[in-house]
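Okay, so subunit A shows up in both of these, paired with subunit B first and subunit C after.
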Partner chain A sequence: MMAPRFRPWLEERLPLADAIEALRHKTVPQHRHSLWYYFGGMTLFLFGLQVGTGALLLLYYRPSAAEAYESVQFIVARVPFGWLVRSIHAWSANLMVASAFAHLFSVLFLHAYRRPRELTWVSGVLLLLLTLAFGFTGYLLPWNEISFFATRVGTDIAATVPLVGRGLVRFLRGGNDVSGATLTRLFGFHVAILPAIATALVALHLLLIQRHGMSVPPSVEERAGQDPAAVRSLPFLPHFLLRDLFAWTTTLALLAGLSTFYPWELGVKADPFAAAPAGIRPEWYFLWAFETLKYVPATVAGIEGELLAVAVMGAGAIGVLLLPFFAGHTPPARRVVVWVGIIALGFMTVMTALALTGTAP
Partner chain B sequence: MEQNRSRRRLLNWLLGLWGGGVLGSVFYPVVRYLAPPEIPESATLSAGAGSARLLLPNSGRVVPFGSRPAIILRTPAGELRAFSATCTHLDCTVQYRPDLQRIWCACHNGEYDLNGRNVAGPPPRPLEPFEVNVKDDEITISRTS
Partner chain C sequence: MTRTCTVAPLVVAFLLLCAHAQAQTPADAATAAFKDDVHAGAGLACASCHTAAGAGAYQTPRAAIAPLCATCHSDATYMRRFDPQVRVDQFLQYQSSTHGKRMASGEARVATCSDCHGAHGVRRVSDPRSPVAPLNVTTTCARCHGDSARMQPFGRTATPPADWSASVHAAALLTRGDASAPTCTACHGSHGATPPGVTSVANVCAQCHLREAELFRASPKKDIFDAIGQAECLVCHGNHRIESPADHWVGLQEGAVCTQCHDQASDSAKTIGGMRDGLERLSTAVSAAEALLARAEYAGMLVDEGRLALREARERQVQSRVLVHAFADEPFTTTATGGMASARQAREAGEAAMRELQVRRLGLAVTTLLLVAFLVTLGLKIRSLPDGPS
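Entry: the complex of A and B
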């Protein structure tokens, strides 16, 4: 037997015992909102799945306008289980965005961004923005008609930024137009630059969570003040981890089912000299912004409508990012945060529904 | 004591200079590298746009004009007109809608009339018009000088 001798050998060289000891003491609060604690781990699991399936896709994908579409076609049609890997990557990306949004809104509504977790919130919002950037850059990679025009629209929005707009568009597109240069560039962002930043931020986010532990919502905290038994806690190892693993396995099964019965479509190859097809739309998580742009008139009070929309959305993003630093911590201030969250969620839902039902103004 | 402090100040200043120099000499080339070089494009002055006979009244087609698309259409009255096909809103490629008798952008439902003027939806500016010439059934569109 090697194991009995191997473990002491390893422990002499690595702080294994410390790590296990720390994990043994880690607990997760148990209360009626505990379900929401699972979405962070779920997002992490889906991120891991994206890294894995993404690495596999890299083995066959070719990032050029001439070959991208054909190489994806080759992956789904010829490579054994290529259809599965590609569909899981696409589906898992969508579930990851959904899970990250659920995580953000649950943290918002449960006020988990409060002191001392401000930086956890900031790193989390940055990770959500990175997730959207992953979605945007990955969308173009199959080089199909829909993604081609979605990328033209998406990158052109940057042109509305005063002064640096044109430069920003050229930076995103790798030239003046969406072309093979854009594909190569977004591919580089998607597989190298964004993953490097995301990995560092995930590490920071996890470190901060280990440092501060799980946040207990104020409503539960108040009740615990009267009755300490109201907040029980669950050992992380093995109880919470096993529940996490159960949720992840279920998600994996769901992804396999979705990929098998609703394989992700490849569409028609992009043609830069064809008219944008009817029914063009970005991925569902950008739909609300896309729909909003439809309703914004060309000019509002002398200001270009687009610029106004972009400015409002940009201010919104910065507001979300810095929320813990200006949101008050009194119960009425917390109610304001909840209402702003509900209004934002309601607005996004209505706009998405309008885009899906295809009612044009 | 005073001498120590001024020595420290000098050292800090040198350290800052060193750090700033290293950062600058790393990031300046990186930032410049990220901005794609301007590739001088020979300004496209004219391009063929296919057969005039096959373009029926109240229809249009999108054709390449240099590296960008152009739209050539025949009005219901039979007149040929050409415009840049790049929507002035967010860069989509427009198309001719016979049912509306207008140029239409599928992305955000923008509409232009048969003179290329933005008449409905979000487009902020009209489409750039091109000149149309027909010789032996072959349409040529060119930039109006």
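Entry: the complex of A and C
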């Protein structure tokens, strides 16, 4: 009885009908590479899960060196379903990083960054960097041994930046070494600053996708010139959205299984005065960079090796961010982009595998 | 030409070997060893000890070695120049030792300073290369005390070093690397080395096993053992081959040490049986709780409270084993009962974790079923949708 009266009330105040009408007319290209379109929605779904479970964890989490570990212990041992919420938060964070990387590489290989979607690409790359920042800042929050020493190693890398390196380390740590001040600082980044930036960027990213629609790969476009049946279109509502929902539900089932059978471990409480234990390493998505630094010589042509490696990685990140503005759009130029992408992906995979298998140079 | 080339290096090598062999006189070997000697480091020279001139000056009679060392090492004023806190009673101790007494009586085959410390390569005791460093001292003593040919004339067996090697003390030192674990010198003394004797052996053990000694001294056993001349700790634990004690040592069954003096008909049978029963039940309860908590942890459950209770149970178990030395029902029974309560608490925590695990798995199964049903419905819905615009 309420709905028929409530809807006109709502429509009078919000452009609801326009939005539904726009979504009804929105279509998604359907071709042999359409599967990759789902990774954007999957990343967004996992981001939503992060926000939801993160908010629940905030009800009990205490961001201080004296209480952080104990509060997480309380969450997983005493709070009803606390173990589930924490495990889903940790597992979905990892799946989100994987999904974001898959989304980035699929967009790269399908050349979806080309005109007029340059800003969509830039906002997407910034969102991936933010996702990594979420991972880095969240890693220390349980205040366990591994995360403590990994954060010390991770923040140390910033010291290699010329001139501002030491200042940058102090800014990240809130002091000369990783301490309770670092914990509260990274907590602030993790739950306030990064989410605010991420929300704005997600809104921009979605707006741009809505504005320009889904990109069709050049190879499919060329084929469509000869055979129009090569590209069909699928209504977004409900066809594509239901498929999205199917993928999200499957992921949710996967997360439930992972959380039940492989609950995210808490480890041993961090002791800042203890010696670093063996086997300290960052989360899997930073392993390739961590491993690369091990292979870099102490000096290269008179330049400090670590500084050079960080500079090359920084230049690479800027190159990826600005890719649409300098990558050519001829078929040979696109092939170059694909090969560079394959080499980068191969390098990251090999380095990650070397780090996981413990093969040291 | 070829033959000459082959033979020449061999001849040169032979001549060099001969020259080297000629260079290794005892005096040269002593000089070489002295370069790494603590005395050389302190600025002493050969003549500091070898004061006599002429032939045979380097041969110090064995009976004269300890007095020679004592000229410096018993001189507090002189020794203070090198170390203000150095001890100077070694010679006095030596004179009171079995070695010293026999040496004074004209038996020169017994040990003197250089037998243990070396003559020209003397190192500080804190130097791990020293023959009297904790890890080496048993081997040094065993050179004589493990040699039956040397021990036979003195009416001694040569088994103590081998027995010690099989002991819990040797395991602590050699396996765990615990440098505080007792070796020969910890019980017998070093410079004043002598068997502790029946009446004082308990005091020797009490240097480390203080609580056990206190309990024993306060127990009725103390007076009985003193009266019959038994060497307290040694009666149950032995001397050199001291094994890790086990719960089955207590009791009146075959193999238990209590059976040396007691049987089922003795007055203490009930107390002994109660202790044995208490230790056994506690051990079983602790093992069962440990296994259950390990299973729960392996399944990914957090059982910190159970671990805490188990630690408490283990502490009580250790205390109970120590309290056996009171040879009375109390305080053993109270402590063992407390241990049982903690073990029960640990087991209950493990059982609760396993129940919670079952609930989680059941919840997962129900959730998965619901999600699969939803996915099937969604799949059917997607298939039933018209194609839409193309």
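The rule we apply is simple: the second predicted complex is superposed on the first by the 361 of 361 C-alpha atoms of A that agree within 3 Å, B and C clash if a C-alpha of one lies under 4 Å from a C-alpha of the other, contacts with A are read in each partner's own complex, and residues count from 1 in each chain.
In the analysis below, contacts are C-beta pairs under 8 Å (C-beta built on N, C-alpha and C of every residue); 3 or more make two chains touch, one makes a residue touch a chain.
Because the structure is a prediction, the values reported are computed rather than measured.
A.B. asks: When the two structures are superposed on subunit A, do subunit B and subunit C clash or fit side by side?
C.D. replies: After superposition on subunit A, subunit B vs subunit C: fit, no clash.
A.B. asks: Could you look at A:83 and tell me whether it touches subunit B, subunit C, both or neither (first, second, both, neither)?
C.D. replies: It touches subunit C, and subunit B stays clear.
A.B. asks: Of subunit B and subunit C, which one touches more of subunit A's residues?
C.D. replies: The larger set of subunit A residues in touch belongs to B.
A.B. asks: Between subunit B (first) and subunit C (second), which does A:280 come into contact with in this model arrangement: first, second, both, or neither?
C.D. replies: So A:280 only meets subunit B here.
A.B. asks: Regarding the shared-chain residue A:260, is it in contact with subunit B (first), subunit C (second), both, or neither?
C.D. replies: second
A.B. asks: May I ask you to decide whether A:292 touches subunit B, subunit C, both, or neither, giving the answer as first, second, both or neither?
C.D. replies: In the superposition, A:292 contacts neither subunit B nor subunit C.
A.B. asks: If we overlay the two complexes on their shared chain A, which of subunit B and subunit C does A:64 touch? Say first, second, both or neither.
C.D. replies: Neither subunit B nor subunit C is touched by A:64.
A.B. asks: In the superposed arrangement, does A:219 touch subunit B (first), subunit C (second), both or neither?
C.D. replies: neither
A.B. asks: Between subunit B (first) and subunit C (second), which does A:242 come into contact with in this model arrangement: first, second, both, or neither?
C.D. replies: After superposition on chain A, A:242 lies in contact with subunit C alone.
A.B. asks: Give me, in Å and rounded to a whole number, the least C-alpha distance separating subunit B from subunit C in the superposition.
C.D. replies: Once the two complexes are overlaid, subunit B and subunit C approach no closer than 6 Å between C-alpha atoms.
A.B. asks: Show which residues of subunit C lie in contact with subunit A when the two form their complex.
C.D. replies: Interface residues on subunit C, with respect to subunit A: 300-302, 304-305, 360-361, 363-364, 367-368, 371-372, 374-375, 378-379, 381-382, 385, 388-390.
A.B. asks: Sort out for me which residues of subunit B touch subunit A in the complex.
C.D. replies: So the residues of subunit B in touch with subunit A come to 34-36, 39, 62-64, 67-69, 71, 85, 87, 89-95, 105-109, 118, 121-124.
A.B. asks: Enumerate the contact residues on subunit A facing subunit C in the complex.
C.D. replies: Residue list for subunit A touching subunit C: 27, 73, 76-77, 83-84, 232-235, 238-239, 242-243, 245-246, 249-250, 252-253, 256-257, 260-263, 265-266.
A.B. asks: What residues on subunit A touch subunit B, complex-wise?
C.D. replies: Touching subunit B from subunit A are residues 149, 152-153, 155-157, 167, 170-171, 173-175, 177, 179, 181, 185, 272-280, 290, 293-294, 296-299, 304-306, 360-361.
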